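Same chain, two partners: subunit A is paired with subunit B first, then with subunit C.
Let's turn to the complex of A and B:
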């Protein structure tokens, strides 16, 4: 009896491990962050790009209005690619675009905007990157669509025509 | 002159105290950043990484500590922002029962096998 239970036990353990690994094979091993979170926007104090005046987030984001906060930097190459899409989105009524300038040199940022156009209604400065972390961002570029002080869509990486279409559908 | 002596002693004591507090905070900051995963790096903690993301997170951990948040509150704060994946220490929930309990089960079963093999056989 003793001899029979031990191999049986081994087989069961082996089977359990096999099932776990087999199931694991089907799971994606690439970490994909959630993009539709419906989270409240964070509270923060930040300097504006133009006047370097300290303002609170509550002064920027009001209820019943769509806001698009775009994290960008002049040194970020994908930001150049997505910039024309932002310029287009700026023409849309009922949508305000807020730029969050990430760890950038102000002079270079100004040149960037002079070259490619300024789609932002207001630009904020995130010199040490901590405000982006408050937003739950991973890097640049990243864009959040906000309504009633809630994040309703998050785009990680540069905007493209498909993502802009999705934003337009939501803002309608 | 007498008072001056006391003032100097007090000043020395307060700087020693401050430096100890600073050291403790740096140690805690290092411990916290070692337990946070750098989400844009491969297999590195925030402490190990020098990426833009990790550097910003280090600054924020320092800020939160100076605001008086506890270690647990800081973990909760980052978990709320980025999800449980940012924590190196997985929590005990329905997805991780197996992960946490398997080593204990294996240990107990191993013990039973050894007990059966050696003690019972001897008797």
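Let's turn to the complex of A and C:
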């Protein structure tokens, strides 16, 4: 009996794999910024950049307020390009910018901020990159707009004037 | 002209496939002896593919831009060497290379298997022809390397600059010999399973082919890794990138297969293992081709995103899987003997245990590679699986794996006695003490590091000692295992002792830390045929006042217009000094990355040792007496 059901089972498994691969083929694998939208933000506990104290995500994100979480690193070249936009966005009222410093060296990160200005209201340290994985980030830089603990916009890659405009529209 | 000949040659090659199949079926039924006509036809088919391949190379050399492949991937200003290597640096050309290797291996197999039975040879030929026809159709239908464009463009688009590199020019052919070489193992295993011929003699016969593919696959992976190390400028040699993973998976399956064949040869056990592993090795190779070529994963190897191509390989791949499942379940005779024949303390048990570990590693890599695709399809959620996943799941299990590798070869076939040798225990204690002291001195996490180091050192010492014992005759095994211990040790020390500085410097500026002083002395410019290079001069002084000059560069390629950063690496026996310089737009400083990577050269060397073990084994008449 065993010898008959087992092949059948295998065939079914492989058929399922086939279907999944087939569907995967039609998915675009490049940028799908919409997918993680409207989801609750992940819970995490993290050290802050300045005081190295542990802080919970619930303490950072409050309801009825817009937050922009920006994943960055001093070694990341596109981060430099988008930095002026962040500095601009920081001037906007009702929007707090949270920096998530990704796999970085603290000293270099400081030099980076000294050079280009610090637009962040708070900076969190993601030294092994696990928190960024929780957020579903592909790399640096990446930016998420959060309202009522939900991700309402996700930008993969550096911010530019068009994307900043879109963010501004949403925050209004 | 060359393109036209190449194209017709491909059609003739496909036609010869049908002739071969026709004659094989006739021969299979009617005659006692193998029909020599079939051998000639196989050679003819190989010859046609060679002509076609040469046709493509000539089109590349002549920069014949009426050929679409040449137009997309070449440029008149490219050096001749990269014009030639550009032939397989693209989707169409590399598939032609697949086909070339497929037909080459089939021809060699028929030449070398004259002492085998007629039915077995013909069936192998038949299965291999199915694969060959599949690839012919794939090539002609979806990725014709000889597409004609009119009017002829004056200039080509150029080859991706990061592919313009000597190591990468020979990496694909070598890797393909391994990848595609596994097709002949697949075909002959199916043939042997159909004829119920999986036995000790067959194991001896097929082992040579397994070793051959294994050697090329190992070398191919090594070359790719060396390339990634100096060209991608991250200073690492293995990133657990999906593309690296898809080459590692067939390697793991092939290595396991090799060890199973040893058991099969000696004890006539594990026949189902052998069949399943032969099938998986080739299907994993195909699956790798599917994953990187269909554009389902993004990487340097994704040449073009064309769902039609992906669909073709997918259907072809699953047809082969179902064909092999069918043969496995309906023709393969399962062992009547059960596992009771295995004594717990014997060589075959130790091999079996490590096979399970290898399967575990394979599963981890497989899941890490394809799980993101599955998740995205099912829940449209995107995740990325990175090194922490692999490290956490693989490293703990390396410990027993290394231990079995060390003591396995010491055990006897069938049944070993419990006589524990004093020397082995003494070596173990030495390894333990040595690792413990080292870890304390280096101030690292004591537990996991010292345990892992202990077992790596243990394998190292045990296999080192074996070189000096004459009665042991398995020199190839010893080389490979010794190389593996050296590999693990080098990787461990490389991980523990690496140092890195990332900073921004202007010309003339000096960066100071406790240990180094980096002086950005000046900057120069060099013009080459296909690129302009900006070269920085950096003087690095360490705390002992040793001076090292490093010259990383930035290359600005003319066609296509891409900037790449060229690492400068000073290699010596103990450590590599690695420096890259990156352009920062609109700033007058450069982003500098300086790394000290200990024992890099030993990583490459140990893989070469492992390969050397394989090569020795190919040329050795008898593995063990």
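Details
Here is the rule we go by: the second predicted complex is superposed on the first by the 136 of 172 C-alpha atoms of A that agree within 3 Å, B and C clash if a C-alpha of one lies under 4 Å from a C-alpha of the other, contacts with A are read in each partner's own complex, and residues count from 1 in each chain.
Here is the rule we go by: a contact is a pair of C-beta atoms (placed from the backbone, for glycine too) under 8 Å apart; a residue touches a chain by one contact, two chains touch by 3 or more.
Worth saying up front: this structure is predicted, and the values here are computed from it rather than measured.
When the two structures are aligned on the shared chain, A:130 is found in touch with subunit B and with subunit C. When the two complexes are superposed, the chain touching more residues of subunit A, out of subunit B and subunit C, is C. Contacts of A:138 after superposition: both subunit B and subunit C are touched. Touch criterion met: A:23 reaches subunit C, while subunit B stays clear of it.
By the document's definition of touching, of the two partners only subunit C reaches A:111; subunit B does not. In the superposed pair of complexes, A:170 makes contact with neither subunit B nor subunit C. Touch criterion met: A:81 reaches subunit C, while subunit B stays clear of it. Touch criterion met: A:11 reaches subunit C, while subunit B stays clear of it.
Subunit A residues in contact with subunit B (one complex) as well as with subunit C (other complex) are 6, 20, 128-130, 133, 136, 138. Taken in their complex, subunit B has these residues touching subunit A: 39-40, 52-53, 55-57, 59-60, 63, 81-83, 85, 98, 109, 113, 116. Across the complex, subunit A is touched by residues 290, 294-298, 305, 307, 310-311, 314, 318, 321-322, 325, 329, 373-374, 376-378, 380-384, 386, 388, 500, 502-504, 582-585, 587, 591, 593 of subunit C.
Across the complex, subunit A meets subunit B through its residues 2, 6, 9, 20, 31, 33-34, 103, 128-130, 132-134, 136, 138-139. Listed in rising order, the residues of subunit A touching subunit C in the complex are 3, 6-7, 10-11, 14, 18, 20-27, 29-30, 32, 35-36, 74-75, 77, 80-81, 105, 108, 111, 115, 128-130, 133, 136-138.
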